[in-house]
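Should a chain be cited, it is by its letter among A, B, C, D and E, assigned in written order, with residues numbered from 1 in that chain.
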Amino acid sequence: MVLETQKALLKSDGTRLDDRLPTYVRPAFLKTGAVKVAAGSAYAEFGSTKVIVSVYGPRESKKAQAFSDIGRLNCDVKFTSFATPLRGKAGQDIGDKEFSVLLHKALEGAVDLHSFPKTTVDVFALVLQSDGGDLPAIITCASMALADAGIVMRDIVAAISLSCVGKNLLLDPTYKEETQEDGSVMVAIMTSRREITQVTLTGEWSSTKASEALELCSDACQKLGESVFLVPKVCIEEIGNFAIFQLPRPPLRN
Amino acid sequence: MAVEEASGSASVVKDVASSMEVEAFRRLFPLQYIERYLDSAVRPDGRPLGRARPTDVVLGQVPTTDGSALVRLGNTTMLAGVKLELCVPSAETPDQGRIAIDFQMPPICSPHVRPGRPAEDACAINEQLSIVLASSQLLDLRQLSITSGKSAWVAYLDIYCLNADGSLLDAALLASAAALMDLQIPTVSINNDGKVQIVSSREKQDQPMVDAEEGQETKSKFVEGRSLKLGPVPVALTCMLHKKHLLADPTAEEEAVLQTVLVVVLDSPDKLISLYKPGGQVVATTSTVMDCIALTRLRLKEVHSILEEATQTHEED
Amino acid sequence: MINLEMSEQARVDGRTANQLRPTLCSRSLLERAHGSARWQQDNTIIMAAVYGPKPVSGKKEDPERATLEVLWKTKSGIAGNADKEAEVTIRRTLEYIVLSSMHPNTGISIILQVVNDDGAILACAINAACAALVDAGIPLTGLIVAVSVGVTTHGVVVVDPTKVEEKNFRAHVCLVFPNRPKCTVAGLPAPVGGEPAEHGIITCVTRGAMSVDEYMNCLERGRAASVKIAKFTRTSLEHCQRSYEIMS
Amino acid sequence: MVVGLSAAEKVYIAGGIAADIRGDGRGRHQFREFNIDTSVIPQANGSARICLGGTDVIASVKAELSVPPPGRPNHGKLEISVECSPTAAPEFEGRGGEELSMDLSRALQRSFLGGTSGAGAAIDLAALSIVEGKLCWALYIDGLVLSSDGNLLDALSIAMKAALSNCGLPKVEIIGGTSPEEEPDYELSGNPEEFTRLETSLVPVIVTLTKVGKHYIVDATAEEESQMTAAVSVAVNKKGSVCGLTKRGGTGLDTSVLLDMISVAKRHSAVLRRALAFAGLFSSPNVEKRPVSFCLLLFRRLDANGCRTK
Amino acid sequence: MEANDTVQTGPVSPLVLQIVAPGDIVLDLAKAGKVVRLGGGLRQDGDSVVVTRAGRLRHMQANNKYWVEGSQKRYVPNVEDGVIGVVVDRRFESYSLDIGAPTYAILPILAFEGATRRNAPNLQPGAAVYARVVKAHRDVQPELSCMDVSNKSSGFGSLKNGYVFECSTGLARSLLSKPMCPVLEALGKRFSYEIAVGLNGRVWVNAQEPSTIVAVSNGILASEFLTPAQQHIMVAKVIERMQ
């Protein structure tokens, strides 16, 4: 039965259910300046995974926290109650918390915390719709939002995940593919410096396969990073006039 | 003496204003900044006092819901989604379904919201929304009934504020109404025991044939999917009172500075669903109230046509 | 006036449409609070306590003014959205009269405990809070009067509805007006927009749908009733420390 | 874990690592000596305690009969959680401990549970099934940190592997209800000699490589961990496959460095596994649960290649 | 305190001695003429004087001063008020005193008669002090002094022994009224005791016998809502019970 469903993820011509080749990412759409009231914000769509991240601050750190000559990054990830096919809040809180921790880990290496000592920068994410690859979408979107807010960063962070189903490596999996994976890899990379800020791997991988998967992910991140880099520049002109994200739009092919 | 002092400080402000950059003046003397605009009957964003911001409604944005809508009122953005679940109706109202309204202000929407417990404002708006929807005839809960006393729909209406830039109730109410307009009740099958099951569109085509073969015994009754028949859509207009001025649809900046707020909700030109004025430094006279209602009447027409347009574009897609 | 006769028969407790319930107000009942009051409209009873001005810290501290905090406690004790909304409404209403600039960097807490709810609860709470603020000697710009008005299914407007009436009525409104002050200067308080100052609406909260004309009718009846409550507030103040009763 | 270190101590630690001689005399690729006790908790189906230098952790396995997870009728259940006792460090009380516990649990879940399809899990989930779609074993693996002096993740993984090897499942006899309509009727064997052992050869061990300065070390102490720029925890099983990867620390790592670290971790894991197998000989999951203790004193002299240096 | 600097004499407010409530307009400054002084419970709003606190409107002919006499539990400092405070903290330059106001008050170490850097009274936290308010502004902590305007101690200073109890500010004010408050007069005829009354609603009583202190303090607390005649009867009863 498990095998059957696995087959169902790939069509006879080797493409995936959404006509992608295994090593293709979904059409992505990225835009900064989604939330006008925030210091910086970004909106990202990877297929039908949609997230908004806004950045506030730097603000004074809470008194209870110990003195520190470097700044703090405060990350919080939330899901809308209709983000997933099944409505409900049960169990989601734990996921939110883990995502918040992983987001923090992926970003802290890229943000120059020395540039805002004794203060805190808030990174808040809201997943409007979840269809696989939520965490990489949040990380990529958050690094754009940080850049939009003018926080000093060493580099842009781009992230991507990959599922291993049987012998196939599926880049940027959908929710359906994620539920049937034998293993997964998530990589967040500072794209210009080619340094991995966060990596997680689950399932059983031979060394060669693991390195193949890591290479695949880092290449994809690289490409994503190049296009992400363009976004803040493109949108700077738009921010002055009318900067609200537009949901009905022609998707950008990656 | 006090009066002199006050006028003295006002003239200082004027002097400073002439030699100061606009943005700095806006930050240091927000009240004087706005008052200067108001005196020449215009708003900082160029609107006349009584006009609402450009409004934009898009239906059916979230495929994981049974009905959804995205509403933009200037910068204020609301995303509403309705999800249906099966439930047993309460004994008091056996032929009615339920609606559960949850208004959320996630921390992304405003610098004043922190993660953790919901903000006081969010609670108050949530309550206002529930009351307005209960008082208006928008949704007859009997439409959510499937079989009287046995099964009904419970509609979870969740509204998320993505960008809080004033007049939140107006936008939230519009988003709720639009999401309900977009709501599609799925087809269900009811078997002999009264057990209700949701039928996906593919199964629906197969099922009747099977039933015909097996005859009477296992025959299930189908209740076709449909959209709701809604009553007149209530429309809210937030008005700010300041001295002699009356501003419609304020931004967050205006709300923070001017303080006195009055929200009118109408669902037809003569039917008042709610009039909410929580304190503030300016008292409302009968004529002010009438002015606010008049502005809301104009807005009612405007919003109804926006909603009509949105449904049409949605159907065309 | 046929309507009025109808309503006289319609009211369960035998009141006429314009008749308030017996009202009672006593002050300084709580030993520890800096000011307290108990406001009773027949079976609706609210206890209000005021603490402060007291030092506050953190976000609540405002160098320009004292911050007001309203705590609304129902009998069940579980605070829901409705209770939060009541807190916001009452706080913003009281901000209209509290001279908060007199005590910067401090906080004033008003605790409202619902002892019994038999309709017109919000109006009672606002009246109780106002009485407690006076008792605590918090500097105020004036007094306020809150009154509740209901619209029956026949469109008849009656004042001070009970809980049963509120349930059966099509709509009900809580209105708050300024209390008319004693004045030794002619022409003051200055009329606002061609109306006497005490006709201005400070707060209005409606429940249920009604026509605009019905709302205007409510305003008129509410204003008339508010004069009686205003008079009662003043007499009860003059008989300091003693509870005082009126039958209206 | 806040370790208050002076500037001089920091230089000393980093300098020692660069010179391949650490504060306690070890080289960069040497573990501390450790001590494994099995069957330390009589109530549990399997348990083990490991002392690795100043780090002290307990793992226990509890088996319960349960219903298979939805969508996977022929699988059993495996759940992992870690608790950090406030007795280990005052920081563990309240939120600090919660966060660390969550971090450790997630890293272990990643390494032990495989993909969402259940493939690549430490224990063959199909082997936990008793009656398809109706009855299966649910294994609850709990880790408890009693004392913390760095390298908690490796210690926990070793303890859990030992506890799983130590675990015995009582025999279940199916009496009736095998048809799809009925509830299964079963009897748990009361005979203490009748139990099945779990196939644990594929349970991975985790090796954490901590990067301090330009070099990386194994089995870092708390003091060394406070000086790390990044750490990578690699779970490796008997086949030499990578079963889980977790990164800590904010600093970025080059992909080639990461791949190098994975291969180094693989070599270390082979040594650890051999030592554990040796320990396994001395413990058996008998019902009386006599604690069996095994002390790996010699382990310290085993270098990365598993040979004795002396 | 605000003043209007015109010279003419004007009429006295018709509301004097009546109960007034917040918002009541008691005086038109345009017509009031000459210097008007405003005390507690009143504020100036344009040309009119408006009540901010409920109570009885009082007027003093001598300096044309108006104030509202009410009874509050919370004390709001006013310059020249004599108050009783309790030391809560000692800093380098000053003591912090709890006087029942919204914030703690400051008593500089040198604000005692004849105090120098080397020779200043040493007060411990918990000590009761009778002092005078010298600065009372809403934006800063109130400041106290244990000297009168001519730098003499004149009764101010640390209160040793005795008993301090709290009452309403209204009662404290009536204890200080002239002619002497009936209850104190009646008690004074029978007992010999020392008393210090702070306008912040604290009273300190000391006497030879503890029983005297108890009788005096109970007598004072019981007198709040009694007429002078009733007060005399009440004191007589207290004395009777003691014998």
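Keep in mind that, in the parts below, contacts are C-beta pairs under 8 Å (C-beta built on N, C-alpha and C of every residue); 3 or more make two chains touch, one makes a residue touch a chain.
If you want to know which protein each chain is, UniProt gives these names: B = Ribosomal RNA-processing protein 43; C = Exoribonuclease phosphorolytic domain-containing protein; D = Ribosomal RNA-processing protein 42; E = Ribosomal RNA-processing protein 40.
Computed from a predicted model, the values in this text were never measured in an experiment.
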Chains contacting each of chain B and chain E, listed by label: C
Required minimum of steps from chain B to chain D, each step between chains that touch: 2
Chain ID, smallest distance between chain and overall C-alpha centroids: B
Reference chain C; chain at largest CA-centroid distance: D
Farthest-lying chain, centroid of Cα atoms versus that of chain A: E
Inter-chain centre distance, chain A versus chain C - centres from mean C-alpha coordinates, in Å: 52
Distance between chain centroids, defined by C-alpha means - chain C, chain D (Å): 65
Whole-Å separation of chain centres (CA-atom averages), chain A against chain E: 67
Whole-Å separation of chain centres (CA-atom averages), chain A against chain B: 30
Junction residues of chain C - those touching two or more other chains: 178
Set of chain E residues in contact with two or more other chains: none
Chain A residues touching chain B - in the complex, by the definition given at the top: 34-39, 41, 48, 52-54, 56, 76, 78, 80-85, 87, 122, 124-126, 128-130, 244, 247-248
Partner chain D, residues of chain A touching it in the complex: 2, 6, 97-98, 101, 105, 108-110, 163-165, 178-185, 189-190, 193-207, 210-211, 214-215, 218
Chain E to chain C touching residues, read off their complex: 13-15, 19-28, 41, 43, 48, 50-54, 70-74, 76, 102-103, 138-139, 169, 225
Residues of chain C that touch chain B when the two form their complex: 81-82, 84-85, 87-89, 91-96, 171, 173, 176, 178, 192-195, 197, 199-216, 219
Chain E contact footprint on chain C (complex, rising order): 33-35, 52-55, 63, 97, 99, 101-106, 134, 136-143, 178-179, 181-185, 188-189, 233-234, 237-238, 240-241
